[in-house]
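Same chain, two partners: subunit A is paired with subunit B first, then with subunit C.
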Partner chain A sequence: MYETIAFYLFSALTIGLFLITVMSKNVLYAMTSLAAGMVLISGFFFILGADFLGVVQLIVYVGAIMALYSFAMMFFDATRDIKERNTNSALVFALGGLSALVLVLMFAAPIYSENIKALYPMHESIGNAQDVGIVLFTKYLVPFEVAAVMLLVAMIAGIILAGKKMDQSLTEDLSADDEILTTKDAK
Partner chain B sequence: MIGLEHYLIVSAILFSIGLVGVLRRRNLLMLFFATEVMLNAVNIAFAAISHYYNDLTGQMFAFFIIAIAASEVAVGLGILIVLYKKYGSLDLDDLASMKG
Partner chain C sequence: METTLAENLPQVTAAGVIIKAIIILAVISAIAGFGTYIERKVLAFMQRRLGPMHVGPYGLLQIAADGIKLFTKEDIIPQNANKLIFAIAPAITAATAFIALAAVPVFPDFTIPEWVPLLGGTFVPSIASDNNVGILFVLGMMAAGLYGPLLAGMAQANKWGIIGAARTAIQFLSYEVVTGLSILAPIMIVGSLSFVDFNNYQQGGIENWLIWKQPVAFVLFLIAGFAETNRTPFDLLEHEAEVVSGYATEYSGMRWGMFFIGEYANMITISVIAAIVFLGGYAAESMFGWLFIMLKIAFFFFLMLWVRAAWPHVRPDQLMWLCWKVLMPIAVINVLITAIVMMV
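Coming up: the complex of A and B.
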């Protein structure tokens, strides 16, 4: 009963928030609704019994990725509304819906073939986090290490790409720099 | 009672929202947000299948998707900052320099 209520509440809120993310003209609104939608998606994971996945979703998505986005937004002008030239949006909507439908049919077809056996079955006696840990560090050890190397490469790439010429101003108009300089001179 | 189909339908709706966003957005930062929406939709589907088939493989895939999303954001935001320094805008129409 509670599961049903939670499912419908979470799904309605998530769909609404992600619609705001996709449709909004303001970067701040889009980012805030994206963060809220990700929190609600971790709620889905908790309903489904994937406790560890839900916690990772909260820490990595809501914590790390949204913090990274908000840091990056300090470089861009976030208060200004984004002007976009949207040509032929009806065609885009039709194409998006159609290709999503094709994708869903494609991926849903094998599921209903009833031939799926559990490769790494869950154990009810031990918790989800322990279960995940055992499978991750035995069966998925090599992908885990490769993912670690990938994260290291991404970190180095991020530092090198963003770190160049950090002393220069990013904004086009130099009036803000002049203002800072005049206040410095006044002191 | 909520079945696997319910979760898959929600996941499909969220995925198509993200796909519409990728297709209609012209700002690169907003394009990144739409990609995050799509990745999250796929994660819901993986977690639901993992629960209803009593199998941990779906959750493992979701973990690796989260790792990939994190590294994608790190590299992508670095590229976005470099582009903004170079062109002063993040609009895809301004950035189209190849005429083909």
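Coming up: the complex of A and C.
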């Protein structure tokens, strides 16, 4: 009974929060509701008994990804509303049709899902994390390693793009001040 | 590793968990209030002062005076601030700090005596939510707690607040990697993410404590923990000499108090993690195990105050340099060596 209540509570809250994310004109509201929605999604994993995935959702989305969002937020005045210009009606039409289709599929899914069986069911005796690990390093080893290599490539690219003047300290090195001043003068 | 102890214990009921949650809330809030008194006294003695002396014997009632002041102070919301987010932000800090405590064993488990009306015979567990990924859950929840300072700083339409929020993001990106990598080595040795397994692994005397096997990880975790709880030398978010009060500049009254309680609850959480993961935890079979873990937690709490009295605070770029160029490589090497030793 608790699980049913929790499920409907989390569902309503998640949908509501993500609606705010999409609809709100205020950047701060959008970011806050996005983060809160991510936290609540981890609740679904906990309800399903997938503790490990729930915690990973919490750490990855709430911690790492939202930190990146917050860096982007620093470029805005967070207390003001943003003027949106949505003139492309064809795009709105297409997106509306797509979301209607997705809704129909979502409500039709429970009828189909009766036939779905878990390929790698959890073992009660060993922990959640071990189960995930065994599947990751046997059945899904290649996708896992490819994802790791891709992340490594992205990381190296990021370091090369950002690391042009890494040795130079902006606070200690006086020549950095001169450089900032000359660029200001040029403007 | 099997948890044999869990089978001998009575059934955990919803009522027991709720009682436990109320106990955690009440006691940790009270300790957080008392912590301010301890902090002022310890700092005072280290600086050859007396500290609070006037309210009550040895200033003991200073907590009550501070509490009355906090509760009755006018609650100001700045005119141009984003009022909703401004109001929510302190609650995020306080709530996540206490949610993190849900997966941590605090206080012994006990059964309420039968003669108590209504609740008699209810078993109150030592961990409110005993899931098998306890450590990750606590660290993730504490990371989520940083949304409090971040949103508070950006919602208040104040330049010091914005700087505080930016520093929150910087601090988060700096310490998070070190925390994860430093605690990874003990997790590899024990082979579990559950606090109970960590405790059971280190039973049987001081020589079994993980601190002797993982001294590097212990030091790294402590440093990262200081950054995680915004303690000196890493109190960049609210350092008075630089950014007035950082993210808390515009806050007053109870909203500021909630930031405060959240910070102290996080200090206690980090102390509990350090005590259980590295210093042997609680000895479940002996009577005095719970006394010992209280002493260990108190020691880490004292250590935080001690460091605050002894060390100056660092600049944000120094924190980033320290975390990314010094601590992270050491942590990676530590994990590698641990893995090699375990394989051989």
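We adopt the following convention: the second predicted complex is superposed on the first by the 121 of 187 C-alpha atoms of A that agree within 3 Å, B and C clash if a C-alpha of one lies under 4 Å from a C-alpha of the other, contacts with A are read in each partner's own complex, and residues count from 1 in each chain.
Assume a residue touches a chain if its C-beta (ideal position, glycine included) is under 8 Å from a C-beta of that chain, and two chains touch if they have at least 3 such contacts.
In this text the structure is predicted, and so the values were computed from the model without any measurement.
Visitor: In the superposed arrangement, does A:Val39 touch subunit B (first), subunit C (second), both or neither?
Guide: Second partner only.
Visitor: Looking at the overlay, what does A:Ala100 touch: subunit B (first), subunit C (second), both, or neither?
Guide: It touches subunit B, and subunit C stays clear.
Visitor: Can A:Gly158 be said to touch subunit B (first), subunit C (second), both, or neither?
Guide: A:Gly158 sits against subunit B, while subunit C stays out of touch.
Visitor: Which partner chains sit in contact with A:Ser11 here, subunit B, subunit C, both or neither? Use first/second/both/neither.
Guide: So A:Ser11 only meets subunit B here.
Visitor: Please indicate which partner A:Gly133 is in contact with in the superposed arrangement: first for subunit B, second for subunit C, both, or neither.
Guide: Neither partner.
Visitor: Kindly classify A:Leu58 by the partners it touches after superposition: subunit B alone (first), subunit C alone (second), both, or neither?
Guide: second
Visitor: Same subunit A residues contacting subunit B and subunit C, which ones?
Guide: In the superposed arrangement, which is not itself an observed complex, subunit A uses residues 52, 56, 64, 73, 170 for both subunit B and subunit C.
Visitor: Mind pulling up the subunit B residues that touch subunit A in the complex?
Guide: Those residues of subunit B that touch subunit A are 1-2, 4, 6-8, 10, 12-21, 23-27, 29-30, 32-34, 36-37, 40, 43-45, 47-51, 53-57, 59-60, 62-64, 66-75, 77-82, 84-85, 88, 90-91, 93.
Visitor: Could you please specify the touching residues of subunit A with respect to subunit B in the complex?
Guide: Residues 3-4, 7, 11, 14-15, 18-19, 21-22, 27, 30-31, 34, 37-38, 41, 44-45, 48-50, 52-53, 56-57, 60-61, 64-65, 68-69, 72-73, 75-76, 82, 84-86, 89, 92-93, 95-97, 99-101, 103-104, 107-108, 111, 116, 118-122, 131-132, 135-136, 140, 143, 147, 150-151, 153-155, 157-162, 164-165, 168, 170, 172 of subunit A touch subunit B in their complex.
Visitor: State the interface residues of subunit C toward subunit A in the complex, per the touch definition above.
Guide: Subunit C residues touching subunit A: 14, 80-82, 84-85, 88, 131-133, 136-137, 139-141, 143-144, 147, 150-151, 154-155, 157, 162, 165-166, 168-169, 172-173, 176, 192-194, 315, 317.
Visitor: Considering the complex alone, what residue numbers of subunit A touch subunit C?
Guide: 2, 26, 28-29, 32, 35, 39, 46, 51-52, 54-56, 58-59, 62-64, 66-67, 70-71, 73-74, 78-79, 127-129, 169-171
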